[in-house]
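Next up, some structures in structure tokens.
First chain A sits with chain B, and in the next complex the same chain sits with chain C.
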Partner chain A sequence: MRGIGAAPYAGSMLTFLFRRLVLAALVCLTVLVVAFALTRLSGDLAVSMAGPNGTAEDVAIIRKNYGLDRPLPVQFLDWAVNAASGDLGRSYLYRAPVSGLIAERLPITFCLGLTGLTIALLTAIPLGIVSAMKEGTLLDRGIGLIALIGQAMPSFWLGLVLVIWFGLKLQWLPISGTETWDGYIMPGIVLAFSAIPALLRLTRAGMIEALASDYIRTARANGLSVASIVLKHALRNAAMPVVSVAAVQLGFMLGGSIVIETVFALHGVGYLAWESINKNDFPVVQAVVLLLAMIYIGLTLAADMMNAVLDPRLRAG
Partner chain B sequence: MKPVLEIENLRVGFPDGTAAVRGVSLRVGRGETHCLVGESGCGKSVTALAAMNLLPRGATRSADVMRFHDEDLTRLSERQTSRLRGARMAMIFQEPMTSLNPAYTIGSQMTEVFQRHRHATRAQGMDRAAELLERVGITAPGMRLAQYPHQLSGGLRQRTMIAMALMCDPELLIADEPTTALDVTVQAQILRLLQTLQRELGLAVLLITHDLGIVARMAQRVSVMYAGQVVESGSAADLFGAPTHPYTRGLLACIPIPGKTPRDQPLGSIPGSVPKTGAEFAGCAFRDRCTYATADCAGTIPHRTVATDHRTLCTMVPA
Partner chain C sequence: MKRFSTLFGMTIVGAVVLIALCADFLAPHDPFAQDLMARMIPPSWMESGSPLHLFGTDQLGRDYLSRLMYGARISVLIGVLTVVTSGLIGTALGVTGGYFGGRVDDIVMFAITCRLAIPLILVALTVVALIGSSLTVVVMTLGLLLWERFAVVARTTTMQVRNIDYVAAARAAGASTPHILLREILPNILSHLIVIATLEMALAILLEAALSFLGLGVPPPLPSWGLMIAEAKDYMFFSPWVIMVPGVALFVLVLGINLLGDGLRDFLGVSQRR
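So, the complex of A and B:
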């Protein structure tokens, strides 16, 4: 236990941050190697790019143009150094810089992911709190059942149902595209549905534990209002695992939204990845893998920092 | 004079079938200290929590009378009870390590009570908190207010809990082993503080303790609990001078002698252990450990009056 001389708030927060950043840098380096290795392990790139009708000559030209004839370490260093400076190479399919392709699509993916996460949190946290406060009652079980159904429902199916009802029958929402903001609602709901069950269960479990704790008994003994007891004192302590998992879920939403982007014809990063994998557009695949990994690392870092803000004990450690 | 806290025939049961409190009656008057003693697991904390309506979920509570001044505690809603708690009746818990919220500074937690009941500003709350930290013997209160519970030792946390309970000048203080983590000097300071508040503000104290030295020093009245019942109660003078129940006598026989018995030796070093009591348990729960036990002890035993305000639950005392 820290005694009288515990480090001041700002100092310990900085050490905490520094440690996390060093760790993140190491993970980045690993990802760089893996992203590179993955594309090289899947066979001779030049051959698959030349296609089934490519001649040996075509393959040789491609190999030369893309620098695939150089030793692997040289290729890696070249790519890594360029990637670090923002140059991710050129897409052979689009014949354009990869960074531009991604920059065009990233906002769509981000909007989609954030919409999904917001809907998920706004649903899961209140339901989890109510469920915990009414633990063991019919209401609690009802909410648990909803979560179970949500988990069992495939997203493409939910997507289609939503499109049919709200898009075609009721015509409340556009069925595709992102010209207006409401184009994000239906895909956002579909994304949220897959995240809600885990977030809800975590909120419920955390709140049940917090509500049974000694410090909540103290808060009640102090005559605090129910709102303060539940939202200020219990939720703050229950929130940490929720924050961590929400960050991971957002990562999933950003990287794994291929199905949803396809169903709703959104041209985001997921769709781009799908396309380039099919067409062997390896500079794009490499770049997308790298980008998603960076986003993951960034999100985990953000979650750790939020948890450090939530729990003073983490700052000291 | 009307008591501040009056409890008659309190019963508390847990879902697992334990009858933790079986018909406890006690009263605490204005400016008075009522000590609740008895060995571990006899239901002291559960009695205190029942009075504050802070029992864990699933516990059942019933009482013929449970009154705080003119408020019928058995009828108040949770909302109405919360207006009393922290403001007019306060409690210090037995678990100082876990009873403060790890996520907030102690200043923030102490201030919140004051703001809630006194409609004061945050600055006024901080001033009040600093004043009380000082009164429980914490130096540099300004620095402490900005610290989190994990930065405080057990003793400091316990003193913080005491200070927090006193924020709104309560009329009743229920203190469950409030000085276990403190050294003798600090303990003496806390006890003096309580006595001052009793004299100046008429604070009524229900004090739960294992330490018969504290009982001798603080108590006007004493209730001895055993297996969920008060087996003997009376003025401190009666209980120390003329104990009637074999369990009380056993406890007194284990009074620590300064310099001879180690401090913190558990009270009730009587051979045997407390039986688990369910709802259907009948007779004297102490009979298996009692050298005077007879066949009568298995039957129902009504309370006997030894003298005015001195009652016992033993067949040896003529009815």
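So, the complex of A and C:
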């Protein structure tokens, strides 16, 4: 997304914003088509929705009730226009509007995503800073190894291991549900694991670059303390790419929460999607795909805008 | 330490590939043979373990070590085939965009952006649910979804080598575009692509395990490591080893691939950032 937005293009802030908005709109349109086409993969959606035990009668009823007997382009336009106005259709399983089902569960997924991101940032940034300051030492390599371990950890398995250890053996944390706030801790930690490696490497690279720059040398020569140099000057310059990657990572995390919500039985949007996939409730699946894509597009757009505001060089190319 | 970790990664990956290739000869038991008299036997180093079953048996009395060995075959197969598929798609797109630039490049960048916006696991789960779960479906689905990093890297590196002298010379000498792309550009960006291939292979193996864990990956009774964890989940509170054995295998293989990739990155002189 940043690729086109940040392409060499001399223009004003407004032109930049306009270009980015048009691009985001085009991506949204493509995602609409993909989400629609996805559920038509099996050929006949009515047969898929009726499930393996559905009779020919069931299929006929579903086909009629959901307008699946109409030509595909008509179905798509109908769905897309309704989706644009917030009407995402009706759930076959819950017999309720999809938008309501999602609205009920979205806060849980957001809480989970934000908990995960907070834990990831609180771990990755300090480790990245230490790693950069001790570049090339054994400590730096050790922290690099942590990133590799985080990258190799199967999230669903880590979730189960934490459940056994902290939930059952030590009984510190609840093993499922979100009745209390501490229900988010374990899932948050698991979700954070997926984002820590990228954020850590980026912080480290940004800090190394910043620490080697002229103004830091000047600050050092002026006798500023190490803490002041690192936190006030270097970090500020290293932070910008971290912020935009954090936004992207949050998008990925919300998408990846489907696995974690299933492991911890958190009834968020991911769990809803998993349940719907298993019960052939495809209007819901279609809507969640669309929603997660929109959130991702919104987050990257926001990150790009913020970067453009903070760093005029990006606008001018 | 760097050399040690690369060597470590190489050993792990080599061993797993060897086990995957020779599972027929190495496995002590039939991985599908159920023995209801010998269910949930713990690994042999634990109390009440049996020397007959080194890693114990599962809830149907199938030998865990044998299933683990055949499971390595699935992981390696998924990793290699997915990377070949996604590598071909991503490299073709990236090289095209990077070489031609302009409108063509805009389209490639747009495709990458759209792909990134599509929620990976959710779409993969839906595709498998609708088409039916099989090894082929999982490979095709992941292959068609995991190409974007190849495309990003192929595109940037192609842009870097496009204007280097020898490419310009080949162009001046009248070489055809396919010739330039395949003979001049591709060999020069290959080292970058190899590093990405290791990363993507690790990701594909993790994703297959996650899909199988959620019941929409490789179908039972195939011994996918993710599926083994899913099947053992109901028993993990009483005998935690049932999820530890396949989980550790998965973690170690993926860590090994990542360590190897890290070593290759240094060896091939590919820069750390992207």
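Rule of thumb we're sticking to: the second predicted complex is superposed on the first by the 279 of 317 C-alpha atoms of A that agree within 3 Å, B and C clash if a C-alpha of one lies under 4 Å from a C-alpha of the other, contacts with A are read in each partner's own complex, and residues count from 1 in each chain.
The definition used in the following text is that contacts are C-beta pairs under 8 Å (C-beta built on N, C-alpha and C of every residue); 3 or more make two chains touch, one makes a residue touch a chain.
All of these numbers come straight from a predicted model, not from anything done at the bench.
Visitor: State whether A:Val47 touches chain B only (first), chain C only (second), both chains, or neither.
Guide: neither
Visitor: Could you tell me if A:Ala219 is touching chain B, chain C, both of them or neither one (first, second, both, neither)?
Guide: A:Ala219 contacts chain B only, not chain C.
Visitor: So, A:Leu114: does it touch chain B (first), chain C (second), both, or neither?
Guide: neither
Visitor: Per the contact definition in the header, classify A:Ala302: touching chain B only (first), chain C only (second), both, or neither.
Guide: A:Ala302: touches no partner chain.
Visitor: Can you tell me whether chain B or chain C touches more residues on chain A?
Guide: It is C that touches the greater number of chain A residues.
Visitor: In the overlay, answer first, second, both or neither for which of chain B and chain C A:Ile185 touches.
Guide: A:Ile185: touches no partner chain.
Visitor: What is the contact status of A:Leu106 with respect to chain B (first) and chain C (second): first, second, both, or neither?
Guide: In the superposition, A:Leu106 touches no partner, neither chain B nor chain C.
Visitor: Which of the two partners, first being chain B and second being chain C, lies in contact with A:Leu310: first, second, both, or neither?
Guide: first
Visitor: Taking the contacts chain A makes with chain B in one complex and with chain C in the other, which residues are shared?
Guide: Looking at chain A, the two contact sets intersect at 1, 3-4.
Visitor: Help me check something: in the complex, which residues belonging to chain C touch chain A?
Guide: Residues 1-2, 5, 106, 109-110, 112-114, 116-123, 125-127, 129-131, 202, 206, 209-210, 213-216, 226, 229, 233, 236-237, 240, 243-244, 247, 250-251, 254-255, 257-259, 262, 272-273 of chain C touch chain A in their complex.
Visitor: For a test of understanding, state which residues of chain A touch chain B in their complex under the given definition.
Guide: Listed in rising order, the residues of chain A that touch chain B are 1-4, 6, 135, 212-215, 217-225, 228, 233, 236-237, 310-313, 316.
Visitor: Under the definition above, what is the set of chain B residues touching chain A in their complex?
Guide: Contact set of chain B toward chain A: 52, 54, 56-57, 81-87, 90-91, 93, 95, 98-104, 112-113, 116-117, 147-148, 150-151, 153, 161, 164-165.
Visitor: Help me check something: in the complex, which residues belonging to chain A touch chain C?
Guide: Per the stated touch rule, the residues are 1, 3-4, 23, 26-27, 30-31, 34, 38-39, 41-42, 48, 138, 141, 145, 148-149, 151-157, 160-161, 164, 168, 201, 205, 248, 252, 255-256, 258-259, 262, 270, 273-274, 277-278, 280, 282, 285, 288-289, 292-293, 296-297, 300.
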